[in-house]
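Report on the structure given below.
Each chain gets a letter, A, B, C, D and E, in the order it is written, and its residues are counted from 1.
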Amino acid sequence: MQQRIGVFVCHCGSNIAATVDVKKVVEMLALEPGVVHAEDYQYMCSEVGQAKIAEAIKEKQLTGVVVCSCSPRMHETTFRKCAERAGLNPYMVEIANIREQVSWIHKDMEEATQKAVILGRAAIAKVSLNTPLKAGESRVTKRALVIGGGIAGIQTALDIADAGYEVDIVEKTPSIGGRMSQLDKTFPTLDCSACILTPKMVEASANEKITLYTYSEVEKVSGFVGDFTVDIRKKARSVDMSKCTGCGVCQEKCPNKKAPSEFNRGLNTRSAIYTPFAQAIPNVPVIDREHCTKFLTGKCGVCSKVCQAGAIDYEQQDEIITEKYGAIVVATGFDIIKLDNYGEYAYDQSPDVITSLELERIMNAAGPTKGHLERMSDHKAPKNMVFIQCVGSRCSDGRGKSYCSKICCMYTAKHAMLIRDKYPDVNVTVFYIDVRTPGKNFDEFYRRAVEDYHVNYIKGQVGKVTPEADGSLTVHGVDLIDNKQIKMKADMVVLAAAIEPNPDIRKIATMLTASIDTNNFLTEAHAKLRPVESPTAGIFLSGVTQGPKDIPETVSQAGAAAVKAIGLLAKDKLLTNPCTAQADIMACNGCSTCANVCPYGAISYEDKEVRGPGIREVRRVAVVNSALCQGCGACTVACPSGAMDLQGFSNRQIIAEVDAICR
Amino acid sequence: MQELINKAKELLANGTVVRVLGWRAGDLSYNPEPAFFETEEDLQKFVYDGFCGANLSKYMIEASKLDGKTLVFLKPCDTYSFNQLIKEHRVDREKAYIVGVGCRGKLDIDKIKEQGIKGIESVEGTELDGPDTLTIKTLYGDKTCSYASAMLGRCHVCKGKEHMIADEIIGESKDTKDAERFDAVKAVEAMSPEERFNFFQKELRKCIRCNACRNVCPACSCRKCVFDSNKFDSAQKANVDSFEEKMFHVIRAFHVAGRCTDCGECSRVCPQGIQLHLFNRKFIKDINEYYGEFQAGADIEARGPLTNYTFDDVEPSIVKERG
Amino acid sequence: MSIGANEEFRPKIVAFCCNWCSYAGADLAGSSRLAYPADVKIIRVPCSCRVNPMFILRAFERGADGVILCGCHPGDCHYSTGNFYARRRMTMLFSMLDYIGVENGRTRVEWVSAAEGAKFSATMNDFVAKVTSLGKNVRLGDLRCKN
Amino acid sequence: MKYSYYPGCTLKNKAKDLDAYARASAEALGFELEEIEDWQCCGGVYPLGSDEIATKLSSVRALNAAKEKGQDLVTLCSACHHVIKRVNDDMKNVADIQFRANNYLKLDEPYTGETQVLHFLEVLRDRVGFDAIKEKVVKPFTGKKIGAYYGCLLLRPGKILEFDNPENPKIMEDFIRAIGGEPVIYPYRNECCGGYISLKEKELSKSMAGKIMDNAASFEADMLITACPLCLYNLNKSDAKTKLPVYYFTELLAEALGLKEEVQA
Amino acid sequence: MTKAEMQAEKIKEISGTDPYKCMKCGKCSASCPSFDEMDIKPHQFVSYVLNEDIEALANSKSLWKCLSCFACVERCPRDVKPGKIIDGARQLVVREKGGDYLKADEIPELLDEELPQQLLVSAFRRYRR
């Protein structure tokens, strides 16, 4: 068929037009074979711009459209929809990226214009070989999975359940609650963390739409948006959840109380059978088999003897549950970095150098010191406390993290204020590089620490902390405003250690085929416009897994992720990407090579009758399940005869692009 | 040879097979060709001697489509190809009765001619149980040469005389390996890039695109070869031809990489004497070095190296690093 | 053979970029205004595993002086395993091209994530410089030299 | 086991005992230090300028001599160790320096950082093993509280020297334990003694070394050990309130192994 | 290029550091054992280079007070390495004729019995061409 191609060149205001001679591009591309229409406009993506495209499609009976504009990742969908409205198959549209790949990176106009023309030619060459495609349909399982049971995961699950959908939370530790349950007070209102979190935890466990899998991990994920199949490993609790009454006698009687308490950051110990904290949900303990005397030596069994409900089950095994989901929300949260690389701050050398999270536990009434502020070395009350900011944050030297952890300035102001409030005779000094407090009532909060509580803020990073023979600490700092070096005595030093994504995220991201950035934060589909979605369809991001954020931000993002998941679950059918692989049965050898490389198991083999010139026989040939095929194209290269091809990115199309570029 | 004919007769007679795939004397005595035999009479033309180098496994693709079983004679090296074809669902194991035949190396008439022997009429002593010295009848009288000196290059680097698959084995084999398989590849690798380029340019310049290599290759058994289809075509057909022309051997080698058993048929049949196995064997050597020893056709269950991976695979930059 | 340091010479470079990581990385290089030479022209493919060695040979035959393939980092492929296959295929292809005497600097595979705009730009700058130093691609243009 | 050995200028002169005790101990512990022929002075400080070549050549010659023998190169003086290890890193990783140095030296085969540079302490830790030393100790320093003084040069920059954790090292403490002593960990053990500044700014280095010694004394150290002649000099010249004796670690090693009298004789 | 610009470039080149990476946290100054002796403090070195005020840096006492103990290099969170910058400035000075900080005739009075060769060698290399 004779091609009738329309070319539309966008100025993008001056974004493109300042560097690319748009008129010249129009002029040159109009000469290409098959092009019957070429024009430029200031903003092709605007209503007027789209109307121009629609008009040309109708008037000139265009068979293909090339838009020379920004990245297809930005507006390909816009222009496809525009074409569809004008009666052209949406897959007959190709984009030449002359903004990100041309005008924004080149300065020389002639050179940029020439490159824009070449990219336009490649798009024309490709679109000439496009074929109309029709999206298929796939079903949606109306159930969501939330990975991680901290405040982000709980909020997301509550919101999804509220909309009437089933949702499961998978939490690795024995209880939901996450980092927030370890905090004492929260900024900027200083209300007690447990008081606002516990009701949410209870609500999550009571909600009949929500199923909690605690002490469980995601083991395997297959499928795709709308139809994920997930294996969940329920680790052996050694306690029968249906029998346990949560009376707590087992924990009391357990003779082995030497296991470091994860919940109290190792500041004290717990029993081998334990719930992480008093308000744990579910209130069912687990046996830590690495510390339990029964498991280590075979002798003991005290918990079993004292359990009136007979809930202790030493024989319990891990259990794998397989469940189907339409949407998956990742809310795996964070931990603080290990401080091995920061020996100068003497974290490993003195028990009185602690992290802020440890301070939270010390300040907490349920913590290892029952809420009394004291030194871990000699349990004496400190007189002088020093806070060091940015320990491991904003470090581009390979020792720490290059990003700002975002929450430390605020929680340090909180700690300083709480200490000055409760113990007015304690001197508090904060060494900072910058105080960063964007957020509602945040800077006011920090200023209160200085103005009302007289916290001593000194600009300048600390160089070293030295533990002295008398048990005190010397902080070697600098006051950059006074331009003086400072050697300051302290009884306790608190390090605002950088936060980092939960280390499990790498494994989880791989299972989900969701991309992560260099810092192991999950990547958004768009940094500004799609911040709670992963580029992988059906995967949503909630909380710090996407980037550092505080509680209010986490909760809002958790809600946003829930809405996106709900939006997906509300659909009965999903349109599938029509750019899938297709086998030409005339050329297919039936050799199975393609199936060996298909990550989705989308290729099967059937005996089909093949008819052609001089051929009529039954052959084993490849059949692609287009609902399963995600369009990666691995099979197309594996296929020796070229029988397997990818719609939308066919061999001929790509070769046409190559030819156009190398012409 | 008689033993093979007897076996064929027996299996035809008792109905186990309906045809026999073997070799038949050609127009020249040292040029036997693959052939199907359906009756006892046909079998009079059956030969099996040192010149029966052809790998019959590829013919089983067609035979698998026919009704009834086929008796096929496979040399040890041919069985790798047959296995590979099973793996790729191209031949039907149930339709084949495989008699593994012994091998003491296959002969190359050119190797005899290279020794200065001209006017050859026939060669004697080529049978499996024949002597170590060949007697060559020529227009100028009888000449002799050792069996080994007349062998195909591939037999000097033989993978072994064990049959990978067979229903029964007839005839004893003799080990012929007296050189290292990858020495020829290594010799090329040792050259400078300029020398390598000149070497291959000189080799490939001889190519007349007769497709003999493709036609004989058991791995090149696609129903429709990419070079004959328009799958990779753009609008300008004329240029496509030239693309294929230029890149034919590299692309062909890539298409069979990981599947090529190194049977050496391509080099044997090339009328221009291009050392085509140097391409395939290079891939095999690389695969062995980068991804672990792999012999296509040795194990039907093993995953092919190019349809497999490990997280820690070498990066393509290794090519540069190795220099 | 090579033109070497001829300043007039501007190479033709084809860059195949996977849609999910490297193409996004190129977009990020663009939005961060991290320049690289205009000699690089990008072809978008869904995954590095979509790139058939025939595309690369075709580019060379048509006069490209360098071809680079960019994909997600191993382990981060949007399709889980695509780049693993691409890695093996390209290792084999590059090794073969090197073997037949083609300068190995003309081909490259680089893993560039969506977050690595700077790496994308740096990679392209480096690759263009390398290919420019090799000069015009003569060898692969016509391996058989029938002309 | 034989190692190439680079003693350096001071060990041939003012710090002969550092050298002598080391050689005797090495022999007793089953390894040999084979002095490089015609070694030249390393220069004492690493030339920081990225364009300096000439000042790095003596180190490259020593490194290449070890490479030609196929041996690892052992150093004893902290300064020599620092300089040679860093030059080696340049030769391995900095193309420009590698190119220019090789251009200058015209070796049979270019030197590209092949030699492994080990400090004597690293040989004790990684090759001999402190446990093995412990077994050979005949006169343990039981009850002696010994402070290790590391200084700067052995530890920093940590990414290149890879000697120990630069902010919280333990190799010398482990050494002290091996010879039966009780290590005293004091926070100034990796602070600077003043280094070469003591030539012209004597008061400054006295006070800096004084702070170190006082800090060690406050943690009840009986004595200090060091690997560096300059550190030893500066510490001895310090204005510390409590003067502690300072020894080369090799002297204590030789004593613990029962070799001291022999060496002195 | 002015002389100051050239000198600033030269310092960047010989020190191999990028002063633009500095975030002015001051950890170098907090770590410096010679801080009190210096007129221009370690965290200020970068500003002098960025402002191309090399003259002031070259005339500063700090050149001769830095011990090359690398505490700032080790701890700098941005990999700026102030110690290398000041050494670059020092080299600019000693490479100029007459820039030697240590004159031959003042040496004898600086010596004493125990003084190790190492000290002389190091001081020579630091202070002289």
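Note that a residue touches a chain if its C-beta (ideal position, glycine included) is under 8 Å from a C-beta of that chain, and two chains touch if they have at least 3 such contacts.
What you see is a predicted model; the values in this text were computed from it and never measured.
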Please strip out subunit A, keep the others put, and tell me the connected groups that result.
-> B, C | D, E
By label, the chains that touch subunit C as well as subunit E are A
Looking only at C-beta pairs in contact, point me to the busier pair out of A-D and A-B.
-> A-B
Compute the distance, rounded to whole Å, between the mean C-alpha positions of subunit A and subunit C.
-> 30
For subunit C paired with subunit D, centre-to-centre distance based on mean C-alpha positions, whole Å = 48
Where the centres are mean C-alpha positions, what is the separation of subunit B from subunit C, in Å?
-> 35
Separation of mean Cα positions, subunit E and subunit A [Å, integer] | 45
Would you give the residues of subunit A that are in contact with at least 2 other chains, written as numbers and ranges?
-> 344, 398, 464, 597, 638, 651, 655, 659
What positions in subunit C touch 2 or more of the other chains?
-> 52-54, 58, 62, 75, 81, 85, 89
By the touch definition above, subunit E meets two or more other chains at residues 71
Contact pairs between chains, per stated definition | A-B, A-C, A-D, A-E, B-C, D-E
Partner subunit D, residues of subunit E touching it in the complex | 13-16, 33-34, 37, 64-65, 67-71, 73-74, 83-84, 87-88, 91, 101-102, 110, 114-127
Could you please specify the touching residues of subunit A with respect to subunit B in the complex?
-> 125, 128-129, 584, 586-593, 596-597, 605, 617, 620, 638, 640-643, 645, 651-652, 655-656, 659
Quick one: which bits of subunit A touch subunit E in the complex? Just the residue numbers, please.
-> 344, 390, 394-400, 433, 459-464, 476-478, 480, 483, 485-486
Residue set of subunit B touching subunit C in the complex reads 188-189, 193-201, 204-205, 207, 226, 232, 242-243, 245-247, 250-251, 253-254, 257, 279, 282-283, 286-287, 290-291, 305-311, 313-320
Residues of subunit A touching subunit D in the complex | 340, 342-344, 346, 348-349, 398, 464, 466-470, 474
